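Below are structures written as structure tokens.
One chain, chain A, links the two complexes that follow: it is found with chain B in the first and with chain C in the second.
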Partner chain A sequence: MRFAVRNIGRFLLLMLLVSLVTFTLVSAAPIDPLQVNVGQAALMQMSDEKRAQLAAFWGADRPMYERYVEWLGAALQGDLGMSLRYNRPVVQVLAERAANTLALMAVAWVLSGVIGFALGVLAGVRKGSWIDRLVRGYCFVLAASPTFWIGLVFLVVFAVNLGWFPIGFSSPIGALSTEVSFVDALHHMALPALTLSLVGVANIALHTREKTVEVMESPYVRYALARGEGMGSIVRRHVLRNVSLPFTTLQFAQIAEIFGGSVLVEEVFSYPGLGQAAVTAGLGGDVALLVGIALFSAALVFGGNLVANLIYGVIDPRMRKEVLHG
Partner chain B sequence: MAERAALLSAPRRTFVPDRARTLVLCIAFAGALGAIVVAGMMVEPVAMTSDLAQKNLPPSWAHPFGTDQLGRDMLCRTLAGLSLSIVVGLVAAVASALIAVVLGAVAALGGRRADDAVSLLIDLMMGIPHIVLLLLISFALGKGFWGVTIGVALTHWPNLARVMRAEMLQCKQAPYVEAARKLGVGAVRIAWHHMVPYILPQLVVGLVLLFPHAILHEAAITFLGFGLSPEQPAIGIILSESMAYLSSGMWWLAILPGVALVVVVMAFDAVGHGLRRLVDPAHAQD
Partner chain C sequence: MTETMHHNVHRAQERHHHHTHAHDTRHGGDHHLLQVEDLTISFRRYDDAERGLRRFWSARRKGAAGASEKAGPARSLLATLSVQHEVAVLKGVNLAVHVGEVVAVVGASGAGKTLLADAVLGLFDPHATVRGRLWFDGVEQTAESLRKLRGKRIALIPQSVASLDPLMKVGAQVRGAAHGVEKEQRAARQRELFERYGLDEEVAGLYPSQLSGGMARRVLLCCALMEEPQLIIADEPTVGLDLDRATDALADLRAFADGGGGVMLITHDIELALRVADRVAVFHDGTVVEETAVASFAAPELLEHPFSRALWHALPEHGLRVDGGGANAVSSQMGEEQPC
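Take a look at the complex of A and B:
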């Protein structure tokens, strides 16, 4: 009970701070929302009266704290305001885009976890072998490569030269949303999801390897070897169990990185998700939408950490007491 | 048979001592990075000149990285871009490390309240994905060189701040600091003679290992259109411009500058890890 109350309190505080920070930052920007959204030419032709009217309509003429308090009041009732850029309620834009982004992120998250874990354990068990060197080399190169560049390389190789995958978007160009089949959607998601999954592999594989090496050098594994226990059984009984805990932490902590990566990947593949909306909103000074996206991403990260904390209790009986009653 | 066994169990002979080799490698990589900065600044005028007779050429001996849609030499543009990226990374990483030291010190030495405040700040920074926060800060500052540099500086300190806090707490509780305090040594003297030598190695290594992140994030944010301005020859700009030409088969616009960036980032990483092996006994065997 105390655990739940404390976490809800922390969550609300986090949301409040994130919205305040985002609001302040966007309001501080030396960018005139009128000029960006109407266009220089159209703005010149408008009468002063019309301009003032538009500014009042978008709330560009009032101080920041006044708008923030007003926004906060509405937000508490579930209304996150109107998006300037999309001219629709922010909640609607978020809901529509979040479905695309979450599907992309989920595939990438699972893939990177599974691949990273497998490579890490493999390299750790065979420390010093060619497999270990291969995995480590691969991870170091991967960690040094910018996500969006990997996306570009994939585009050049798989979409342009080999023609296996479409170049962008989440559905065939010109097709109505009702006509898009599940297979089409998967086909369009494959390349972005693959790119995004590479983001996490390096980190997870290297840490898993480190932990696996530690376990393999422990007295209990040495004893098991001396007893004549086979490698498969040692991995199953000792390595996997001990590595699963740090792996859980990493896997849930990488949600933040994968979200960050999705912003870049969506931009490369013109994939209509939250990341692309964030870039559009940012370039257009769309405060309400930016705040909405920042809140969404912060909530996602918070949720990930919370789930990780709960899972510790399931995996490790020693921590059950601490987490639930601490 | 006996001879053979003896040979197999003999220790591997290294002609150059390991630490000396690491040091030489570090210096060599650092020198190479310095050379890139200088070369990039020198070729910047060339990188900006366009020659429409020479446009869209694939890589050749005259233009190893090819030329772009305006006939600019891509090797020169890449070098200029890398040099700019390294400068942004350098300024941002140093500023970020300073923030980390100050906040780490406040948290470790400033009492419970200060500690709580700093840890709330760290949680807040870690709670929003880096890219989103970076995008917001750079946007708020009007983009450009300072927008992206300050943005990177303000987002990359939390991890190092945590390390610094832990180190200072440990040093504060060390017996020799206790003893010095009991002997009546002043706070400034303790800080200078005990604290600074204790945290300096960690700080330097942490700082160098910040560069790769700083450079990658600078490129990413520039790529998204929130960083350096389009006239500047930045890697992010080069790559985002290349997107329009990729489908017509001009692969060299994206692939080669990206490879160059990866090589630079890996060089920084190698310097950082080498330094860590030299100054930190716990990692000496990595």
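Take a look at the complex of A and C:
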């Protein structure tokens, strides 16, 4: 109970701070929302009166704290405001974009977790072997390559040259949203998801490998060997068990990384997700949308870390029971 | 050595297989359960990289000076970096454990006692060079055959619960990996052992971190006894236990030996070792300098090696007398291993 109250309190405080910081930053940015959203030429042709009218309509003429308080009041009632760029309620834009991004992230998250864990354990158990060297080399190259660059390479190789995947977007160009099949959506998501998963694989695999090596050199694995347990049995009974704990934490902490990566990947693949919307909102001085996205991503990361903590408590016996004496 | 020798109880101080017996040694006319002969384990050590690199650069400078030097930098790098030497950690160890006997291997930390235990279990470091011969139950063993014996006929009792998986319940760990019918049998065996050593049924459901020192000690003993081994190697089983529990631990080992098993008790605590062991192997500087009956520790004159005598003098009942360089080394080395 105390745990729940404390976490809800933390969550609300986080939301408040994130919205305040985002508001402040966007207001401090040298971007004139009028100029960006109406266009340079159109703005020049407008009369001063018209400009002032538009500024008043968008609230661009009022000081930041006044707008923030107003936004906060509305937000508490579930209204996150109107998006300047999309000319629709922020909640609507978020809902539509989040579905795309979450699907993309979920696939990338699971892929990077499974592949990273498998590679890490394999390399750690066979430390120093050619498999280990191969995995490590692969991870170092991956970790050293920028995500957007990997995205571009994939795009050039698999979409442009080989033609296996579409070159962008979440659905066939020109198709009505009602006509887009699940397979189409999956086909469009595959390449960005693969690119995004690579971001996580290196991180997860290298950390998992470290932990596996540590476990393999632990006294309990040594003792299991001394008891005549075979390698396969040791990996199944002891290594997986002990490595899965730090892996779980890492995997949930990874949500933040994957979300960060999704901004870049969505840009490269023109994938209509939150990341792309965030870039649009940031460049367009669209405070309401940017705050909405910031809140959403902060909530996502908070949720990930919370789940990691909860799971840790459930699977680690050392955190559950008191030590008995007798 | 002929087998016929073994069918007679040895006379006091009679020397055979590098060790002597006392009149009360339990030799029972049986052959040696474990016999280690001339065991040497060495590691190949490379010079540290810094030194290697320095040589590499100086070699290059020389190469540049002498125009006739054809060897490229790659070759001289290889030649200088691969400067290596063998470091022997165990040097010609001889040791025997007979049926019904507790043999204490006594010595300071870093002397290689644990390495000896690993060797008997066939756990060799892949970088180690191993020489020597080892017999178990009259059969000469190889690394391969030892692998099959360990955990089954030769069991290890580790020092602490750190050797148990922190995330697995104690019961499952004592039972070990098994499937099907065997699983049921092992569960029964585990319950039987827990009952014999006064461990509650619920202890099986605990995690290692939840065990008290005494419980942990008995759980580790149960692990070793699961497979009904012939030889138990106990590696510092009394470290971290108070005197009562340490005495219990040694009594359990004594009982195992009296029941027809053999025990190799690795310890730094010579006082406790003398109470329970039949014979003592004094370990010093990577080898057994003297393997003798406990009775020999009655008087220093009965001990052959200076280090053994130094040990004798360092015993509390002999006034912790520390005289001469050798004894000094003993007390300071032995002091290192005192449990905290």
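Please note the rule applied: the second predicted complex is superposed on the first by the 320 of 326 C-alpha atoms of A that agree within 3 Å, B and C clash if a C-alpha of one lies under 4 Å from a C-alpha of the other, contacts with A are read in each partner's own complex, and residues count from 1 in each chain.
Basically, a residue touches a chain if its C-beta (ideal position, glycine included) is under 8 Å from a C-beta of that chain, and two chains touch if they have at least 3 such contacts.
Just so it is clear, the structure is predicted and the values come from calculations on it, not from any experiment.
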Contacts of A:140 with chain B and chain C, given as first, second, both or neither: first
Partner chain(s) touched by A:152 [first = chain B, second = chain C, both, neither]: first
First (chain B), second (chain C), both or neither touched by A:264: first
Partner chain in contact with A:302 - chain B first, chain C second, else both or neither: first
Per-residue touch tally on chain A - higher for chain B or for chain C: B
Set of chain A residues, in rising order, touched by both chain B and chain C: none
In the complex, chain A residues that touch chain B: 14, 17-18, 21-22, 24-26, 28-31, 140-141, 143-149, 152-153, 155-156, 160-161, 167, 256-257, 259-261, 263-264, 267-268, 278-279, 282-283, 290, 293-294, 297-298, 301-302
In the complex, chain A residues that touch chain C: 219-220, 222-229, 233, 237-238, 241-242, 245, 315-318, 321-326
Of chain B, residues touching chain A in the complex: 123-124, 126-132, 135-137, 139-142, 212, 216, 219-220, 223-226, 239, 242-243, 246-247, 249, 251, 254-255, 258, 261-262, 265-266, 269
Chain A contact footprint on chain C (complex, rising order): 118, 121, 123, 147-148, 150-152, 155-156, 158, 160, 162-169, 176-177, 206-207, 209-212, 215, 223, 227
